[in-house]
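Structure record follows, encoded as structure tokens.
Should a chain be cited, it is by its letter among A, B, C and D, assigned in written order, with residues numbered from 1 in that chain.
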Amino acid sequence: MIDIQAIRKDFPILNQKTYNHQIVYFDNAATSQKPQIVIDTTNEYYLKYNSNIHRGVHYLSEKMTEAYENARKTVKSFINAKFQHEIIFTSGTTESINLVAFTFGEKYIFENDEIIISQNEHHSNIVPWQMVCERKGAKIKVLPLQYNGELDLNAYKKLFNDKTKIVAVNHASNSLGTINNIETIIKIAHEHNVPVLIDGAQGIQHQIVDVQQLDCDFYTFSGHKIYGPTGTGVLYGKEKWLNEMPPYKGGGDMIKTVTFEKTTYNDLPLKYEAGTANFVGAIGLSAAIKYVEIIGMKNIIEYEEMLFKYLKEKISKVPEIRIYGTATNKICLISFLLGKIHHFDTGMMLDKMDIAVRTGNHCNQPTMQFYGIEGTVRASLTYYNTIEEIDYFIDSLIKVKQLFG
Amino acid sequence: MSIEQAQEQIVEEFSEYPDWMEKYTYLIELSKVLQGFKEEYRNTQNLIIGCQSQVWLQAEYVDKKINFYADSDAIITKGMVALLVRVLSNRTPDEIANAELWFIEKIGLNTHLSPTRSNGLASMVKQMKLYAIAYKTKYNV
Amino acid sequence: MIDIQAIRKDFPILNQKTYNHQIVYFDNAATSQKPQIVIDTTNEYYLKYNSNIHRGVHYLSEKMTEAYENARKTVKSFINAKFQHEIIFTSGTTESINLVAFTFGEKYIFENDEIIISQNEHHSNIVPWQMVCERKGAKIKVLPLQYNGELDLNAYKKLFNDKTKIVAVNHASNSLGTINNIETIIKIAHEHNVPVLIDGAQGIQHQIVDVQQLDCDFYTFSGHKIYGPTGTGVLYGKEKWLNEMPPYKGGGDMIKTVTFEKTTYNDLPLKYEAGTANFVGAIGLSAAIKYVEIIGMKNIIEYEEMLFKYLKEKISKVPEIRIYGTATNKICLISFLLGKIHHFDTGMMLDKMDIAVRTGNHCNQPTMQFYGIEGTVRASLTYYNTIEEIDYFIDSLIKVKQLFG
Amino acid sequence: MSIEQAQEQIVEEFSEYPDWMEKYTYLIELSKVLQGFKEEYRNTQNLIIGCQSQVWLQAEYVDKKINFYADSDAIITKGMVALLVRVLSNRTPDEIANAELWFIEKIGLNTHLSPTRSNGLASMVKQMKLYAIAYKTKYNV
């Protein structure tokens, strides 16, 4: 089991009071805190090596380029990609998905084609596909959600036909916490020769991801949710797709030759990294990943499962609690409403008791529509949270309940 | 009672509740006694969408004064709505347009009015002022 | 005049040796160094307030959102935009230009339409327009470059016709240093009712920019070139255009309502900020801008002009120097070749003498083609560089010349 | 002389130039004596594009050995090219394919071989090894 006290020391932000009590940060699905090493690494590169990467002949540029390309290696081995050039650095999950939706769409999606996405997706994995559909005259088929928060894989199988071009599904749901059975989702799609994009924004920090074993065609995630800097993200794509798809943004670094008549594009990964990359960000992200690797994803999973079991048990005893999402396989995240109390009121009061949760629709309006609600209160935990924090949270919930009667 | 006096009165009331818990308990009380909002006002035209909570605001011009009737789906927002209505309702357009609302900061609830809070309250105040200006122009007062 | 010694203390990276001599960083057009305050501010927000912005009901989220929106205010007043919502945070100039090229293109550019760009643009202000042209069947008209590095404004006037939809030109050239006469370029375009995008990647850090006075329709720049963090950038756009153009990326924050049937988009600026923004980056950028404001852009200009005058005079005396770009109005940047010596050889040797310059085509191949060369050596200075550094640079150039004979 | 011996010899030569300035002066000398590259080899098929400098590489298979002829537009790159040719040219495909090039690091010029340097040298070494493997397969040696 992990040494939670040692770990918490690496996250100075957790050791402060917002009002009266030490902060209890249960908003990890929105963004995660950063271990000191991420900040130190970022500072070091700014203060010692800062210089633009690629094409530079001088010392600093060489150092920075090396560190940037090493960051790519770190990501590659973290998700076990086959090639380093299958790792594209982006500004976040949203950009990664837009990149695929646009470029895959340009090349492969035409009138009346179909895209399968689930009913329980983040807006970032809905709207880019809607935009492709609008541009190309294609349409979205919805993989239905079941009341317990799991996707209906029987219905899924029936969605495929000759027109199906791609499937886009999340690894873990940010509104309900369900860990989707992506192995099966990918397998079924591949039986129909349809590629699959996995939105890993909530998966990468809580699960072991092996893209070769999963055999997914694309996997996307955000740096800021896996303890790294804001403005960083990753798109993994199989070489074959990334080679075949057209470029996304145009600009510096992504081209080989430019004349006003004709431009030829660079090889992977640079083809998809137009303009000056967030190179210091990528280096910070790789520090975050290395930190996770040192703790060990297995240990993290074990600890988070223990936390979740405890949280589930405790919260189920709070009077009038209504929990949304009761799948057996979940990350440590609970979406709920407390009696008739508005989610905003609950969130506000928890905040006054120094507990940070998220309230609202979690960029997941179709899921809220499915349950016929406006929003929920969401507590999302990670490996630096503790049993004591859960106890305090439960006590606070009971106080909130009393306050609003 | 002027807008200034109404604000002072509220500040005095809240001074009895130094503790945040009591403050919010009082806000909840206020939300319960908010009156005059009829079900027919709850329409999309009156809706002010906040990302977190929603506010409905109805304005009526009677005897050269504007009456506001408002509601919210969240209790705490509704308590704040009650305070805003108390201060700004039944005033001339001029009074409303020129009002400076300092009481919210004074009672320590200013985060509720921040435009980034997205509970609809900042938009509500803006909407109240827009009504005032609209009536001013319409009736040339 | 500015206190150069005090300023240099704010940039710890300048106070180190790469090999034997204190580093002379003359690669500022590629990326700039960061004053300590940018690093400190970034650290502070990570260590005290880190939390996802917008829609958050808790203390940290509120603090972070406020700081992020204040950063927007800082940018607004720095370039004197009319409204705060005319400032869109992006990941850099390249993304800002791609955003406009795509969304403006979708709405206004059709078959046989024309886009005017100059012959001396960075690839980031060429390729996005070529991509629009390819998608829409439009074409590029080239505003010609003159041998001295200035644009030919007489030829420019003749490029307009009924089909001209937009003009995209840089404020200052990254390969030649020319400060373009954008006031006139904008005025002429507006006489033809054609909007203008200014690529300000090399302008914003060296010139006073007042977008209302310029009356430009779009102005773009990168945070990392104005002493801010990597992965940050700005798009200024007139409200009218930003309201009329369709959205760019789809995802969280940029939508109002989502159903699978219909999605409505959010108001400015969020309409163009899909997904989690690089909020800590934006706050770092605003710290960088505030630092510039404290020194004062007027003082910076005055000092840089003095440096440039000195540099020009000294370098012109180096035997067999060939300078590319001799416009009267230039930023402190010199592109050159030394006799028959390959730019890479010169750059390598300068590096060994601890001088960082950039060599190659500077993402500006059409300009190199214009001069019939493969590349140049580029020394680009900014307000933390000194007369002493120039002296050392000139001595080193002479050594390089001797070395290669 | 084996590949190992050739590398040792170069290291010894360079040990006389501890100063980087002398090292580069020697590299420049080497570039001047690089021989055997004919103008007809300077074609696009032989071109290895680096972002900063370009390298042309011609391979010929004679008497079970591969001869390399190379050139570059930049002098320093050309000096490095001369060293690589000296070590790897006139060897059997097997020798080339299995060669470990440690001398560049030893003489302190390894940054030139880094794939991020984009001077074409890393690609040149890769290309030399590819030729070796290709000839091995073709002639079954």
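FYI, a residue touches a chain if its C-beta (ideal position, glycine included) is under 8 Å from a C-beta of that chain, and two chains touch if they have at least 3 such contacts.
Here the structure is a predicted model, which is why all the values come from computation and not from measurement.
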item: A-D against A-B, pair bridged by the larger set of C-beta contacts; value: A-B
item: Cα-centroid distance, chain B relative to chain C, in whole angstrom; value: 46
item: Centroid distance [mean C-alpha coordinates] between chain D and chain B, Å; value: 79
item: Rounded Å distance between chain A and chain B, as computed from the means of their C-alpha atoms; value: 39
item: Sequence positions of chain A contacting 2 or more other chains; value: 19, 55, 57, 344, 347-348, 359-360
item: Shared interface positions of chain B, touching two or more other chains; value: 51-52
item: Graph class of chain-chain contacts, one of line, ring, star, complete, other; value: other
item: Chain pairs in mutual contact under the definition given at the outset; value: A-B, A-C, A-D, B-C, C-D
item: Footprint of chain A on chain D - complex, ascending; value: 49, 51-52, 111, 114-118
item: Touch list for chain A against partner chain D, complex; value: 53-55, 57, 62, 65-66, 69, 256
item: Touching residues on chain B, where the partner in the complex is chain A; value: 20-21, 24-25, 28, 51-53, 73-77, 119
item: Contact footprint of chain B on chain A as seen in their complex; value: 19, 341-345, 347-349, 352, 359-360, 374-375, 403-404
item: In the complex, chain C residues that touch chain A; value: 12-13, 16, 18-19, 23, 25, 27, 30-31, 33-34, 39, 42-43, 46-48, 50-52, 55-61, 91-95, 97-98, 101, 119, 122-124, 126-131, 140, 142, 222, 224, 229-232, 247, 249-255, 257-260, 263, 274-281, 344, 347-348, 350-351, 354-360, 363, 365-366, 369
